[in-house]
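One structure coming up, written as structure tokens, with questions to follow.
Chain naming follows the written order as A, B, C, D, E and F, and within any one chain the residues start at number 1.
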Amino acid sequence: MKQLPETDLYPKQGWHLETIVNELKELRQAWRQEYNHLDLNNGHYFPSQEVLHHTVKTLAHVLFPLRLGPAHLNTETEDYYVGLKLDTALNSLFAQVKLELAYNYQFQSYSPDENFHLEIQAKQLVYDFAKTLPTIRKNLDLDVLAAFNGDPAARTVDEVLICYPGIKAILYHRIAHELYLKDLTLIARMIAELAHSETGIDIHPGATIDSGFFIDHGTGVVIGETSVIGKNVRLYQAVTLGAKSFPKNIDGSLQKGLPRHPVLEDDVVIYAGATVLGHVTIGQGSTIGSNVWLTHAVPPHSYITQSSH
Amino acid sequence: MKQLPETDLYPKQGWHLETIVNELKELRQAWRQEYNHLDLNNGHYFPSQEVLHHTVKTLAHVLFPLRLGPAHLNTETEDYYVGLKLDTALNSLFAQVKLELAYNYQFQSYSPDENFHLEIQAKQLVYDFAKTLPTIRKNLDLDVLAAFNGDPAARTVDEVLICYPGIKAILYHRIAHELYLKDLTLIARMIAELAHSETGIDIHPGATIDSGFFIDHGTGVVIGETSVIGKNVRLYQAVTLGAKSFPKNIDGSLQKGLPRHPVLEDDVVIYAGATVLGHVTIGQGSTIGSNVWLTHAVPPHSYITQSSH
Amino acid sequence: MKQLPETDLYPKQGWHLETIVNELKELRQAWRQEYNHLDLNNGHYFPSQEVLHHTVKTLAHVLFPLRLGPAHLNTETEDYYVGLKLDTALNSLFAQVKLELAYNYQFQSYSPDENFHLEIQAKQLVYDFAKTLPTIRKNLDLDVLAAFNGDPAARTVDEVLICYPGIKAILYHRIAHELYLKDLTLIARMIAELAHSETGIDIHPGATIDSGFFIDHGTGVVIGETSVIGKNVRLYQAVTLGAKSFPKNIDGSLQKGLPRHPVLEDDVVIYAGATVLGHVTIGQGSTIGSNVWLTHAVPPHSYITQSSH
Amino acid sequence: MKQLPETDLYPKQGWHLETIVNELKELRQAWRQEYNHLDLNNGHYFPSQEVLHHTVKTLAHVLFPLRLGPAHLNTETEDYYVGLKLDTALNSLFAQVKLELAYNYQFQSYSPDENFHLEIQAKQLVYDFAKTLPTIRKNLDLDVLAAFNGDPAARTVDEVLICYPGIKAILYHRIAHELYLKDLTLIARMIAELAHSETGIDIHPGATIDSGFFIDHGTGVVIGETSVIGKNVRLYQAVTLGAKSFPKNIDGSLQKGLPRHPVLEDDVVIYAGATVLGHVTIGQGSTIGSNVWLTHAVPPHSYITQSSH
Amino acid sequence: MKQLPETDLYPKQGWHLETIVNELKELRQAWRQEYNHLDLNNGHYFPSQEVLHHTVKTLAHVLFPLRLGPAHLNTETEDYYVGLKLDTALNSLFAQVKLELAYNYQFQSYSPDENFHLEIQAKQLVYDFAKTLPTIRKNLDLDVLAAFNGDPAARTVDEVLICYPGIKAILYHRIAHELYLKDLTLIARMIAELAHSETGIDIHPGATIDSGFFIDHGTGVVIGETSVIGKNVRLYQAVTLGAKSFPKNIDGSLQKGLPRHPVLEDDVVIYAGATVLGHVTIGQGSTIGSNVWLTHAVPPHSYITQSSH
Amino acid sequence: MKQLPETDLYPKQGWHLETIVNELKELRQAWRQEYNHLDLNNGHYFPSQEVLHHTVKTLAHVLFPLRLGPAHLNTETEDYYVGLKLDTALNSLFAQVKLELAYNYQFQSYSPDENFHLEIQAKQLVYDFAKTLPTIRKNLDLDVLAAFNGDPAARTVDEVLICYPGIKAILYHRIAHELYLKDLTLIARMIAELAHSETGIDIHPGATIDSGFFIDHGTGVVIGETSVIGKNVRLYQAVTLGAKSFPKNIDGSLQKGLPRHPVLEDDVVIYAGATVLGHVTIGQGSTIGSNVWLTHAVPPHSYITQSSH
């Protein structure tokens, strides 16, 4: 047994917490003073990933109540469930949207008028989002069919819906993307990262993805913010749709918001490990082979393999 | 602050849920009418991934009570725990198996006789599964030893068992594979995807894997349904054992069930990022280097690197 | 419907548990007899990954109370929270440290003196760890800034802190590494694997990583035990910092503990999918392109791409 | 400090559980052999008070969703909630009813036919019970009004519904009594005891109680099995409606099932601590004063005080 | 086995919920139309007893952190705990107070101005309440001492604080009474009934009780709304401090708010089962014996027994 | 709407917690200084009623696993359950016993030797307690039979065990009394008060109660510390076995520990509301009528009613 150090810890029970608490406090204060402009509302309320996780799971249950919802549901009770849980999810999202708006507006305290405007704006945004849920469901149905048709190991559409990480990723993405379109970029990103953590598939909420989208296996896939993906596109694991380089402004800071990721037209297939970089178009019906490294556009119906380019 | 939109939402409190609930209902009904043949029992009960997650974790605790079970167990109480939790896990699995059988048989309501047959068939399947648990444990012990012997960073076998994602993946797989062999393919796949989500390792439950199997790091590994893996095989992260192409039937639909993935004989090692595709045999004792792309068989004791093939 | 097997299960209700319980018991006993030297304290108490998961999440909340802590905190209450939760986390860690020490010392029962020494040693280790928390926070602040500056998609530092898996991975790593330095290698590894499971980023707790470290996307990154990483290094997904080969001792066993992973000097950038193997130094300011395979040192300010080496 | 006893407990960690487990097992077996005729199904499944507690609380929420249900409900969502929770409660009650029926029939294993009959009988009983819920609600509305009109401290009907233990007791009773009428006497009694534990009011589920019933304060009230209570009756704390004596059969055993408790006609008021014993009728509109001891019938509109009888 | 009823329930799975849901809906609507004046805000939000239960338990923990709070607290951490939980409790109370105010004002929707006024009024009420907590603690300390001095079975003051239901009842009462004084009569009553349910002691929150108050055993004690109790008063189980009769208004309705309960001066002792009715004064230092029935005032230092009056 | 008070609370968000936290702190410090001799270890750890509640419920499940334990148990699994939960309950009790011992010894910090002695003493006490569990079960079986035989409303012994509050009270009492006999008076009292709160039956843990004890209805029963009760005694609701007066020492303090409560010999029956005070003996086979007030001994086979004494 090692020689014990000299110590004043025993037999006192505590941890001398006060010192550590104070040091951490000073570090927080220093950060807030220095990076106030980056940390917009200086330490005030902020959306919660835990709450959003619960919200987005509830929305998934609302979209597919008998498959993703609780085991006891049946056709007699599914509408009651959908109505009740939709209300729960929207109220929860409403609270998070208010936090993001307050953060964006750098509100630290609220006058009655400011608060009223915030409430009504958040209400409208969530309500508009809610109205897109049927469209989201419709697109997800097509995604499920695409996966079923594209994978010889798939036995039923229900297996696809429940088991395939690619379906979970696109389900979360379709929700996140609608919020991104409403400038709720923070919440949208938080939802995207929940999917990333659970599936290893990293789709930026800004990516525009049409219906019938299928990612098989999925781990390691990265899809950048300004990617545009057509109908019935299929990707395999470890595919990257990335940016080539980041143009800078005159002052050396990165230019944000430019289109910098690939455009995949309808019916494109990209096999595992391929990398497509930059704002280039992959023509309709093209196939990109495994591990291909591609930084230029290809015409429709191209077939690119490692050796061919 | 942005100009607020005209709205009728405020000061009413609700979300006008009825419209959205009805639209979602119509979409579900449309799906069920059109894809009834794919969604076998038309919206009725279905196995639950949440329940299976709990079940398979309980089985893991039963297999290694003092290492994976609750902290309070000791050698005096481990058998009480094993007996009690085995019962819990089997009852829970029994309920899920009944759901899969009813789904497969497309039961929507049950006559007493149908119900009796379903119960007794499920009971026999779960009981037969239970009897394989000692063999599963025996193989997992060999997997742990293989990992301990193969990784210089491993200090004890307990560290391997608890920390290595490759061990979790093979533990889930050995359970899922036994269920797959009993034609419980849906439950088997759901368990496999739980491992995939937690470890980034995607092993199809159909894969046949002998003892002493070790995956290091693991993220991005994909092992296809008809893969056959011998004793003491070692894989590293991002290895793919995949299919080359999917033969189609005359009507253009995919042929399902053919052997289409690699066979790895005993003592094969495949380094990170390598891809082996198709129903090809990697001979006993061969080593496949990192990032190798391999679509043909290799004889025993081959040493394949990127430059060498 | 299939023909049912002959069975004696019905209508008895049970699972004939006793046989299975006994078979599993014999397997445990056989293992303990044979691998006692590897399974140090022969089945006695062991640290719990579930407890550590909770502990490390609590420490994350303590480090960033208003961003990672519960939604209700504000600037009036954050110090109360930090003090209370720090105590909780340290007590919980203290219990786990005692378990690791007892495991290492192969204690199976405790004399009062042994127990006293164990308590006081664990207390000192945890207390010393606690004193490093402000430094950990300081480094994490720099990591967040590095990510914000390095990613054009990042809008605010808060978004970086909350959404980026690379930040979660380095947060867990900085905690795990401090424990590794105190020879609590088992606990350290368990924490590292928690990060691996949640982010797909696999950093061995032994790796030495300076401040301003940023991993983008992250899935599939592997950083080996003896890696040394300078200031302001940036990695992308699927980068491997690995070992080339494992030198063996005369008896054929692996030599453990030698430096066998890369050294990255300050300001190095390594793009997605690149692999650097062995104890080689990547000079200050170098850039390694995507998918590069590198097993030798490169001088400062090198720019290595797939075609260039 | 006391002298320590000689002990073999330390430093061994366990509790020598095996002996105690076996002694308890033998006692259970002895009981089952000797009192098998009283413990009808010899140790098999039995209704669960914990489950019933949850069930009856759910039914209370269904009956008064905006007052006793969860805080987030509103007029837009209450029907969704009522539909969903009614299903939950009835399914849960259905499972308990099957247990009581199996217990009554002394089933220890089930043939398919027995099981089918049990299922269908339980289903019908629960369905018939469900149809009485609107009547229960109607009576409870009148109970609430009676309490509001009878207590000068009551400010609103909502306060009565939520705060008054007498209302909780009659709510549970009206549910329990309906089940008692269907010969589900065990479940009925278990529900009655839940009310007793929470309110100190002990109403046997067999008691027949008309609408407009109000118990003020309530602690210590006892109402026997064959009591019959008319409309708009009011009781105060510690009132007993009991049996005078228990007639015995020739063999000395107690005669069960005879009417042996009081009949209270409409508009009777009984003040705190009064005791009425035996199958006697208290005439319509009578008032019984505090602490009165009464064992004979009284005509309508009597006014009985301690001194007056 | 009984003859089974004809049924259309089997093998359909559902409960024909729609009919019951609709009947219950109609009953709620009928009630709301008819008793709208009693059910002030017609089915809108209302304080929640479950939330208040949690709130008042948290306040109890704040008042006595090391005795009623969680087991892990110690003198180093108690202030952190008190600060954090006080915030939690006040926020939770704040939400409930807003609900009671909105209920009282019969708000069904809120204009920004109304909402602002409600918020600020609730805030002030809760803040004023918070400032009385030290006084509440001071009085409770004297209550504990009184119990310790008055009961030969009490061994330590800690035992009194933790075990005696009379202490729990007065703790809840002192909180409820402060809220009652702020016209939050609904919340106050809900808290009082929580104490009643847990202890069998029914103290109306309006009762004025000075320090050093002790109730032994307690079950069945009733203390009316306008009771006034001096210092160092001691009551035993089943004591009633009630109203004699309820004066009515000309229209026959009950007069509310008049003093109608006893006044107990300092140092009064009332033994088990005694009843004191009406607005009468029991003089300082008097003793009322068990089961005494008293409806008139008695001078100081009286000693009243069953036989003596 | 009321006029709003002038306030500085709005729009600041906080509650000015610091002042209240400090005032509460000063009150705790003042109490600890003044009543240090009563509050033995000056604010250090103390047994937890919440933990004991859980412990005693677990013991009840261990004693009657198929009736009070979880619904899924059956005859195949009950012994596994008993073994596992007995361990849980004893470990939990062990921790509480250590706290009571440390409290009694006024330990504020522990030397290794003190700690060792405390551990071993607690271990022995709990182990000795555990050995009494079979006897407790045996007595409870007789209590259940007595209740079954004594109540015409009882249909089966299982109904008695599960529904009767008198059984719960005696179950908790038999556990508490064993602990009381081992001088664990604080824990014993805490368990007694749990029964009191749930049943309204207040039995001091010091009371000596032989087998076959039955309390019907039970609310309001009080049984004092030095009561002695023989075999097959039956009590009804609101019976008091109390002390007549408390003899004082010369200094005016109460004499503690003298026998001051009744002795009931075998086969005594006491009807509802009767009060027996003082150290008097009720002879074997006597019956005491409802509401009788008795302060003197009565010979065997007496029959005492209100009018007869």
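In the analysis below, a contact is a pair of C-beta atoms (placed from the backbone, for glycine too) under 8 Å apart; a residue touches a chain by one contact, two chains touch by 3 or more.
Model, not experiment: these values are computed from the prediction.
Undergrad: Which chains, if any, touch chain B and chain E both?
TA: Under the touch definition, chain B and chain E have A, C, D, F as mutual neighbours.
Undergrad: Going by residue numbers, if over half of the contact pairs line up, that's a repeat, so tell me which of C-E, E-F or B-F repeats D-E.
TA: E-F
Undergrad: Suppose chain centres are the mean of their C-alpha atoms. Which chain sits farthest from chain B?
TA: Checked the centroid distances; the maximum from chain B is E.
Undergrad: Please tell me the distance, in whole Å, between the geometric centres of chain A and chain E computed from their C-alpha atoms.
TA: That gives a centre separation of 49 Å.
Undergrad: I'd like to verify one number: the distance from the centre of chain B to the centre of chain C, where each centre is the average of its C-alpha atoms, in whole angstrom.
TA: Going by mean C-alpha positions, chain B sits 25 Å from chain C.
Undergrad: Can you give the whole-Å distance between the Cα centres of chain A and chain D?
TA: The answer is 52 Å.
Undergrad: Quick check on chain C: which residues sit in contact with 2+ other chains?
TA: Only 13-15, 17, 74-77, 79-80, 82-83, 87, 200, 219-220, 238, 273 qualify.
Undergrad: Can you tell me which positions in chain F touch chain E when the two form their complex?
TA: 1-2, 4-5, 7, 9-10, 14-18, 20-21, 23-25, 27-28, 31, 35, 38-40, 43-46, 48-51, 103, 185-186, 189-190, 192-193, 196-197, 200, 202, 204, 206, 219-220, 222, 224-225, 238, 240, 242-243, 246, 254-256, 260, 273, 275, 293
Undergrad: Using the touch definition from the top, list the residues of chain B that touch chain D in their complex.
TA: Going through chain B, the ones touching chain D are 13-15, 17, 74-77, 80, 112-113, 115-116.
Undergrad: Please name which positions on chain C make contact with chain A in the complex.
TA: Within the complex, chain C touches chain A at residues 62-63, 65-67, 70-71, 74-75, 78-79, 82-83, 86-87, 90, 105, 114, 117, 119-121, 123-124, 126-127, 130-131, 133-134, 137-138, 141, 145, 148, 152-153, 155-159, 162-165, 198-200, 217-220, 237-238, 272-273, 290-291, 306.
Undergrad: Any idea which chain F residues touch chain B in the complex?
TA: Residues 72, 76-77, 79-84, 87-88, 91 of chain F touch chain B in their complex.
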